[in-house]
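When the chains are written out, they are named A, B, C and D in that same order, and each has its own residue count from 1.
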Amino acid sequence: MQLGLIGLGKMGFNMRARLHAAGHEVVGYDRNPEVSDTPSIADLVRELRGPRVVWLMIPHGDPTRRAIEELSDELDTGDLVIEGGNSRFTDDQTNAALLAEKGIKYVDVGVSGGVWGAENGYGLMAGGDSEDIERAMPIFDALRPDGEREKGFAHAGPVGAGHYAKMVHNGIEYGLMQAYAEGFELLAASDVVTDVPATIKAWTEGTVVRSWLLDLLVRALEEDPELEELQGYVSDSGEGRWTIEESINNAVPTPAITSALFARFASRQEDSPAMKAVAALRNQFGGHSVRSSDD
Amino acid sequence: MQLGLIGLGKMGFNMRARLHAAGHEVVGYDRNPEVSDTPSIADLVRELRGPRVVWLMIPHGDPTRRAIEELSDELDTGDLVIEGGNSRFTDDQTNAALLAEKGIKYVDVGVSGGVWGAENGYGLMAGGDSEDIERAMPIFDALRPDGEREKGFAHAGPVGAGHYAKMVHNGIEYGLMQAYAEGFELLAASDVVTDVPATIKAWTEGTVVRSWLLDLLVRALEEDPELEELQGYVSDSGEGRWTIEESINNAVPTPAITSALFARFASRQEDSPAMKAVAALRNQFGGHSVRSSDD
Amino acid sequence: MQLGLIGLGKMGFNMRARLHAAGHEVVGYDRNPEVSDTPSIADLVRELRGPRVVWLMIPHGDPTRRAIEELSDELDTGDLVIEGGNSRFTDDQTNAALLAEKGIKYVDVGVSGGVWGAENGYGLMAGGDSEDIERAMPIFDALRPDGEREKGFAHAGPVGAGHYAKMVHNGIEYGLMQAYAEGFELLAASDVVTDVPATIKAWTEGTVVRSWLLDLLVRALEEDPELEELQGYVSDSGEGRWTIEESINNAVPTPAITSALFARFASRQEDSPAMKAVAALRNQFGGHSVRSSDD
Amino acid sequence: MQLGLIGLGKMGFNMRARLHAAGHEVVGYDRNPEVSDTPSIADLVRELRGPRVVWLMIPHGDPTRRAIEELSDELDTGDLVIEGGNSRFTDDQTNAALLAEKGIKYVDVGVSGGVWGAENGYGLMAGGDSEDIERAMPIFDALRPDGEREKGFAHAGPVGAGHYAKMVHNGIEYGLMQAYAEGFELLAASDVVTDVPATIKAWTEGTVVRSWLLDLLVRALEEDPELEELQGYVSDSGEGRWTIEESINNAVPTPAITSALFARFASRQEDSPAMKAVAALRNQFGGHSVRSSDD
C-alpha cells in the first residue's frame, strides 16, 4: 500500500527501507532535503492518494505537535495519521481530538528495536480503533519481525495505549539494563571471577538470564572487555521518567525501574549535592574528616 | 566418558538423561532408591573406574558438606569432584582444601536453566584448575546447549569462581524478573492498555526487552491472563542474598537487585512491622486515622 | 490584627485558638455551622475591615480552587489571601495570577506541626512578595513557635516557594519515618535485643538519631509496645508523590524518599501483582512451587 | 567509682573528662604516651583495685580482639570488661566466651553522640547480665545525658544486644541523613525556593522533621550555604553494612537504609562501571551517543 512517512532520521530511514523491501510505496518527507522525497508536508499530502495514511516518526513534544497541526490543515476526512514516535500517551489523546474535529483518524504506535529493527523487524504496540488499525495492518506486518504477528505486534487498546505500552516497555528496559549492569560491576569489582567477558558470554544460551540485551552486552565486551573506553554517563529520554510518574499515579511500587532512572541521574552529576550534605553532617557530629573541593 | 552423579532430584535426574543421550555412562546415586542406580555413595565410588569423576547435585550447605566428607574418605588421589549444586563460593574453597589433603581434585560449576535445561541444555560456569576442567569437558559439552561452546560454558576462574558467577547470574535474574513484574503490574493497574497479555506477547520479537524470561511470562499469561490463581508470595533461595552481601563487601551499589530481594521479603509478610511504625507515627503527630488490627 | 480564616478543621481550629491567645481578632468560616463564626465566605469578607487578610486552611485541589474563585469575586484591590493548606506549588501560581487580575495579593504558606502545633507552634514556610509577607508577619509570629523567628519561619521565595518547601519537608518526613520504621522492624525481627521499646527510648537524648519523630515513636511504643493493635496500612497525601515528581523533573536521585513512598503503596495492597508475576516466572522456569489463591 | 579506660582517642578522651567531672577515678591507657596515664595495659590492670572494671574504647576488629586477649591474661575472676567501641555484635559473643573461661564478666555498650557527647552526654545501649550492668551503672549515669536515665540508657538484652542496638541506631542514622540530604539537593536543584538555608533553618522548631541532625545541617549551612567547600565523598564505617546484612539475615526489607549505604558507595567512585555497561548497551541497540573516557 501507499504510505506517507514524515521523519527520515535514524529510525524513519530504516523503516522506509524495510517498507520498500516489502513492496510498499513510501513517500517520505524530512527537513533534510538530501533524504526527503518531497519538499514539504503539504507536498507530501498532495502526492498521496486518498484516503491517505501518514506515519509520523519525528521527535516528540513540539515537533510532533506542530506536524499534527499542519496535518490537520492538509488532510481530509477519512485520512489516517499514525504517530510512531515516542510521544507521551497523554499527547496522543490531544492529537486524536484535534484531528477528529476534521474527521481524520489517529493511531499511536510504540516502536521498539533500535537500529537493529531494520534487519530484525520492530516490535509494535498500537492504540486506536480496530478499523483504523486493520487498515494499516499491511504496514505493521512489513515493519514487525517475520513470523507470528502476535509476537511482534499488538493492538494494546484505544488511542494512547500504544505509547503507554511502549512507555512501560522502556521502563522495563531501564530495569533490565540496570540489573545486568549491577551484575557486571560486581563481577568486575570482586576478584573471584577472573574472566568476566567469557563468563557473561556463557550466559547467552541455556541460562535463565539469556536475552537480546545480554547478547548486546557480550558484543560490547568483545569490543572493549573492561569498558574502559566509555564514560559511565547515561542520558534518559523521557519514557523512564513517565513510567515512574505513572507508577506514582497508580500507586504501583516500581523500585527496580526507579533505581535505574536514579542511577542515570547520578551518572550525570559531577558531584552529588546530597552526598555533600551527608559529608557535612558527619563532619558536624563526629568530626569525621571530609574531602574539601580543593582536594 | 564415565561419571558418578550424586543427587537425582529435579535437576540431577534431567542431567542424567541428557548425559545418557550424549552417550556417556552415568552411575547415579540418590537417597531415593527408586531412582538410584546404587545403594550408597561408597558403592557408587566402587562402581567407577579410576581416575573417577563424581558430580554432586544435591542441596547446598549441610548435605553437600557431608557428601564432600564422605567422598574425601572414599575417593583416591587423582579423582575429581565436581560440585554442581548451588553452594556458596566460600564453601567451595573449604571443600577444595579438604579434598586436596587426599590429592582429590575439585571443580565447582554453576548450572542455570531450570527444568528446561533437559531439552535446551544448561548454561555452565566452572571454577578450578584448567586441567581439571579440561578433563570434565566432555560432560560439560553434553550438558551445555548445542552450538558454540563459549555461549553456554565458561571457565570463570579458580575454585569458587563458578559458583560466584552463578550467584551473580541469579542476582541479575532477580533484577530482571522484578523489572518485568513491575511493568506487568503497572500495565494491569492502569486502564490505558486494555489487552495486557497481547501487549506483552508483542514484545517477544524485535523489541529491546525480548528474552527467555519474557517468553515464560507470555506462557504464564496464556495459562492465567490476570495471574489470579497465584499468590504474590515469593521465596528466595540464597544466591540473591549472597549477591547483596558480596556487593556490600565490594562497595558496589546494587539497588535494582536489592529491591528485587526486598520485594520478595515483603511478599512473605502478613503485615509489615515497619508500616505499623509509620502508621503509629502518623497517628501520633497528625491524628491521622489508622486501621486497627481488628478492622 | 484582624484575620479572616476559612477552614476550621483539625488544623484551622487549633490555629484560631493560637491566634486568639496571641490577641488577634479572627473571623472564622467553616462549612460546619457549629464551629463557624459566619454563615458564608461572602459574609466573612463583609465582616472584615479593609485592607483584608484572609487565610485559607481547607483541602487542596478543588475546594481551595473554588474558594479562591469566590474570594476573587468578593475581595477588593489591596486585600491579601494567604493559602495555608497543602496546595501543590503549581496551583499557587495559578491562584496568584487569578487574584492579581483584581489587584488582590497572594502568599502561600506551608504549615508543619500537626495537632501538636496548637501547643508548640507551627513551622512556617512562606512564598510571595516581601511586602505581603511583612504585612502578615504578626499572624506568622503568633503561629510559629516562641523563640527566634528564624527557627520557625522562613520567607522561602516567590509565590509557590512556601508550598514547595513544605512539599520537600514532607518528602523528607517520609524518608525519616521510613528509616525509623525499618530500624524498628529489624530490632523486632531479630532476637538479639530483648527490650525494643526501652532501647528506642534510650535514643531520645544524647544520640545522633534523636528527634521529635523519635519521641513520638517512644510514645507510640509506650501505648502499644509491639504495635500489635495497628495495621501496617499507610495512606499518602500528595506531597510525597509531588516530591518524587519534582525530583524526576530536576533529575535529582531521591532513593530513600522514593522507597518510603513505595512502601506506603505496598502497604495498601492486599496482594502484589508484581510478586504474582515473579512467582509465575519462577514456576515456569524452575517448577518452583507457588501458593495458589486458594491456599 | 574507679574505672580503667583503654583508648583515649576522640571518644575516650572526652569520656574521661566527663567521668572526671562526675567524680569518678579514671586510669587511662592509650598507645599515645602523651595522653596515657599508664605505660601499658598490664600496668593499668595493676593500678586498679579489684574487682576491676575496664572500659575498652578502641577501634573494632583486630585492636579490640588483641586487647581482649591481653585482658583475659591480666584480669582476675570477677573483674568486668566493658566493650564500648563499635564492635560487631557477633564479636561480643566471642569476647564474652573467651573472658568467661577466666571468670571475667563482659558487657557491651553502644555509645552514640559523637564529639558532642562530652557536653550533652552520650546515648548508651548495653548488653549483658543485669548484675554486671548494675555494677557499672554509676559509670553509665555519668556518661549519659542528665535527666531521666531511661532517655539516654537502656539495658537492651544479653551480651551483644548493646552493639546490636547501636548497629541499628547507625543504620537509622544513615537513612535519616540520606532523607535530609535528598531534600537539600532537591531544594538546591530547583529554583523555586530561593533561600535554601533559611528554609531549612525554619524547620528546626515546630515542624515534624525537627531533629538534632537537622540542627547540625543548619550549622553546616551557616558555615557554607551551598556546601561548595565540600566534596560529596562519604565513607562508611561498618555499622551500615552490618545493618543491611542483618536485615537480609532476618528477611526484613530495609530499602531506605540500603539506599543510603549505596549512595555512599557511589559517592566514592570516580566513575560507575555499571553506568558504563548501561551506556555500552544503549550504544549497541540504539546507536545512542556515548561519552568516551577521553571526552
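As a working rule, contacts are C-beta pairs under 8 Å (C-beta built on N, C-alpha and C of every residue); 3 or more make two chains touch, one makes a residue touch a chain.
Keep in mind that what you see is a predicted model, and the values were worked out from it rather than measured.
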| item | value |
| --- | --- |
| Touching chain A and also chain D, the following chains | B, C |
| Most distant chain from chain D by Cα centroid | A |
| Averaged-CA centre spacing for the pair chain D and chain B, given as whole angstrom | 37 |
| CA centroid of chain A to CA centroid of chain B, Å | 32 |
| Distance between the centres, which are taken as Cα means, of chain C and chain B, whole angstrom | 46 |
| Per-residue multi-chain contacts in chain C, two or more chains | 114, 178, 180, 182, 185, 189, 208, 213, 251-255, 259-260, 262-263, 266, 272, 274, 285 |
| Sites on chain C touched by chain A in the complex | 208, 241, 244-245, 248, 251-255, 258-259, 261-263, 265-266, 268, 272, 274, 285 |
| Touch list for chain B against partner chain A, complex | 89, 112-114, 117, 120-125, 144-145, 147, 150-158, 160-161, 164-165, 168-176, 178-180, 182-183, 185-187, 189-190, 192-195, 198-199, 201-214, 243, 246-247, 249-257, 259-260, 262-263 |
| Residue ranges of chain B touching chain C (in the complex, touch as defined) | 10, 114-116, 177-178, 180-182, 184-185, 188-189, 213, 216-217, 219-221, 224, 227-235, 255, 260, 263-264, 266-267, 271-288, 290-293, 295 |
